[in-house]
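Okay, got some structures for you below.
One chain, chain A, appears in both complexes that follow, with chain B as partner in the first and chain C in the second.
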Partner chain A sequence: MDSNAIFQILINEIRSIIPELEDHPIARGDAMADLGVNSMERGDILVSTLEAIELEVPMTQLFGPRNLGELADLIHAKSAQQ
Partner chain B sequence: MSDNIGIEAMNLYGGRASLDVHALCKYRGLEVARFENLLMDEKTIALPYEDPVSFAANAAKPLIDQMSKEDKSRIEMVICCTESGIDFGKSISTYVHDLLSLPSNCRLFEIKQACYSGAAGLQMAVNFLLSGTSPGAKVLVITTDISRFALDDIEAVQEWAYSEPTSGAGAVAMIVSDTPHIFSIDPGAYGNHAFEVMDTCRPGPDTEAGDADLSLMAYLDCCNGAYKDYARRVEGADFRESFGYLCFHTPFGGMVKGAHRHLMRKLYKADMAVIDADFERRLTPSIAYGKHLGNTAGGSIFVALAGTLDTVELTEPVRVGLFSYGSGCCSEFFSGVITPHGQKVLKAMNIAEHLQQRYKLSIDQYEMLLKGEHTLRFGTRDAVFDHDIIEGLVPEGGANNWLVLDSVNSYHRTYRWV
Partner chain C sequence: MPNQHNNKAPLAVTGIGAACGAGFGKDALKQALFGTENLFSFLERPGRRCEKQDTPFIGIELPEPIPTILPPRIERTVGLSGRVAVSVLHEAWHEANIDTVDPGRIGLVVGGSGLNSREQAIAADTYSKKPAFIPPRYGHMFLDTEVGAICTSTFPIRGFCHTVNAASASGVVATLQAMQAVSSGQVDVCIALGALQDLSLIDLQGFRAMGAMGSPSFASTPFEASRPMSQDHEGFIYGEACAALVIERLDTNRAHYGTLTGGAQVADGNRGPEPNSQAQQQAAHMALQQAGLHIEDIDYVNGHATGTPLGDKTELETYRELGLNKAWINTTKSIIGHGLSAAGAIELAAVFLQMQQGQLHPCRNMNPALDTSLKWVGTAPQQHIIQNALKFSFGFGGTNTAIVLQAPSSEGKSQHA
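This part shows the complex of A and B:
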């Protein structure tokens, strides 16, 4: 699974948690906070994404990315290590 | 030596003034619909003439007053657990010890590890008693924390966002002994998870800083890690079956809900309907008081325990699982047993009634207090306090059951019962 596929999963999870973003375009350069996703929701989206790709990694290792593209890249890098 | 050790008596002091956090959110322009997910209604506001010492003493006084002279003489340790310290050297326990007229053959000290401090204090007390070095001894453990926001910088309001409505204040006092009416701890049944992380901190005397995402991540990692360590130590432990109720560290109810959901999915791949029903049954009682106090930091798991004891129907002893998390970070999952008798003992403290009787501050009054002109800053050498800042709150000729700050002289704080 490449970074773009993970990015698509992130988008699906965002839209399932915040249905108002269903028709809103989401790009790799977007940050979840800028899309109006609060920190609890960001946590849920991350947990669901990790579940979807069956990746077991401490959440704190996924801290730092400034946008969804960077987050997808980081998750991809972590999954490649396993 | 008895291995039946735990909390003999407990009391919660939730302040004398509160603020409706829904009104605050509206006033600050925060999204109210999202705020509902935080599961909060009110927060305690510490008044300018209240500090972590007065909070601690106000929590402990009713417990001490009901003890016999002989029992009081067996209090051999006072542990204050806080991240709101008032001095780098002198502990809050020294003031509390004096204000409660406790015996001089006593260990006095303070414990710090963010919101984990209370669990650390309880375990310290429990392990002292389990060691059997002083049979029959009692320990007074008090968690006391106050968050103060100050409008020094009007821009700061934006940065606070949801942390302003969720930060609270409160103190929980506990007598820990070999007659644990309230909570009998399961000796040796605990699990820890700790690692260095800069999620939230208090880098200066009156400042708080942090990152909400990193803090949530660390909390979830710890919840998972501490429970796993508990399960490693306790044969046959099952998160769903072993505990009738659960009490998690409660920065706000929504965080507890998120952590419980995370664990149920990780451990059992449970679906949402099962998770929601389980939360409602085993965790909703734990936020009964927290949602009226805000985050009480070191005391929040005990606020959760008090809420559970005061709101559930018990007909037999039930095991409770507690999860404590303190930023920075350290965490612990441990367990103990509550009983119908313990409920009666706690109900006598009338916690719900005291919380309902608090003065409800208007937004204008809150903003006035927030400006901080009357706030006692860390390191203040001399000060006197205006007890009429909110008119009528400090009664003339009161019942002498409420401790307030009177003055500070050469850094030494003096207090008065009103």
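This part shows the complex of A and C:
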């Protein structure tokens, strides 16, 4: 699974958790906070994405990305290590 | 807008919201109380179904879908008890018309604890083998602050919000706390909400194991199982419910259901389910004294009346010792089941609705009454204009409460139509 596939899973989880974003375009350069996603929702999205790809990594190792593209890249890198 | 000038006026109920097995809203509750439809069946929600070899639990569940005012992104994160609370509070809020009240002068007391235990049991089952994937939101969803927090994040309540627990007396204890908050001037308006007790299968099994929950003899006839104060009673029957009452100082220019003129809570020192007639009587005496009434002034009693053999027997002793043989008495749990944390609140709502209707609801399955020396409403509605009502509510852990409700004064147009 490459970074783009993980990005698509992130989008699916965002739209599942925030139905209001169903028709809103989401790009790799978007940050979830800028899309109006609050911190609890960001946590839900991250955990449900990790569950979808069956990747167990501590949440603290996923801090740092500035946008969804960087987050997908980081998750991909962690996934590749396992 | 509530009257904030006459700070000695009695406490009035200006809005009521309710949900029971008959549906959402007071009209559904009235239909349940005065209609003939049976609400009892077998419990079917996920997390409550028995294994095939076990006897299923009898009870009442709210109909789906649950009406909501929450946006989808919030709705999806809120448990059953919270979603029902918002719906019920919405009805009470708009009836009381308190949109113009300073939010800092509005309080909320939620009655009940362990309100989400069915969903917690499902989550424990789901995530016990994959704890890494627990949604972060569980960090606050398991707390008993959750229902109140959903309400205050949806409605402009900024005075205070807290949750009190007194087992099956939680709804009345929340009401007593709300009365105190208005009486003391802490807030001008306080809402008491008896929250839905969302029981899990293990909770139900616990009640069955302790012998509190019926009913083995009526396992194939659920509509006969809830029979408080009647021969062949074997225990209480659960019924999902929720109710909210908006309490403020009486302003005769504002529509209201009636007044709450006295209330008391007595702890009797029991840890478990054991009832205590002395403490029940003491609570009644204290509530009557506060209301400035005598026992003979009471013309209607809404009992706690769960249907457990010892509970009913003890409560009957209380009625007799108090001399309540001239007041009409009925058993709301025979119609809508036992809502546990919600019971006291929805039964207070039932008293006000009967006051408004000018009739008393029947007692289902009262055949025959355990004590025929008392004045029971039979199996048909009874025409009666309530003037002064006494409501009892008791809870495991030694809680005994009594509360006095009075009809709106005949002076001035004041009763909700």
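Basically, the second predicted complex is superposed on the first by the 82 of 82 C-alpha atoms of A that agree within 3 Å, B and C clash if a C-alpha of one lies under 4 Å from a C-alpha of the other, contacts with A are read in each partner's own complex, and residues count from 1 in each chain.
By definition in this document, a contact is a pair of C-beta atoms (placed from the backbone, for glycine too) under 8 Å apart; a residue touches a chain by one contact, two chains touch by 3 or more.
From a predicted model like this one, the values you see are computed outputs, not experimental measurements.
**Student:** Should chain B and chain C be called a clash or a fit once both complexes are overlaid on chain A?
**Tutor:** clash
**Student:** If we overlay the two complexes on their shared chain A, which of chain B and chain C does A:25 touch? Say first, second, both or neither.
**Tutor:** Neither partner.
**Student:** Looking at A:17 after the superposition, I want to know if it touches chain B, chain C, both of them or none. Which is it: first, second, both, neither?
**Tutor:** A:17 contacts chain C only, not chain B.
**Student:** Contact-wise, after the overlay, does A:60 reach chain B, chain C, both or neither (first, second, both, neither)?
**Tutor:** After superposition on chain A, A:60 lies in contact with chain B alone.
**Student:** Select, from 276-284, 294-302, 330-338 or 402-410, the region of chain B that bumps into chain C once both structures are placed on the shared chain.
**Tutor:** The overlap with chain C comes from chain B residues 276-284.
**Student:** Go through chain A and flag every residue that touches chain B in one model and chain C in the other.
**Tutor:** 40, 43-44, 47, 51, 59
**Student:** Mind pulling up the chain A residues that touch chain B in the complex?
**Tutor:** 38-40, 42-44, 46-47, 51, 58-60, 62-63
**Student:** Looking at the complex, which residues from chain A come into contact with chain C?
**Tutor:** Per the touch definition, chain A meets chain C at residues 17-20, 40-41, 43-44, 47-48, 50-51, 56, 59.
**Student:** With touch defined as at the start, can you tell me which chain C residues reach chain A in the complex?
**Tutor:** Within the complex, chain C contacts chain A at residues 71-73, 76-77, 130, 132-137.
**Student:** Given the complex with chain A, which residues does chain B contribute to the contact?
**Tutor:** Residue positions touching the partner: 34, 37-38, 162, 195, 197, 211-214, 216-218, 220-221, 254-255, 258, 261-262, 265.
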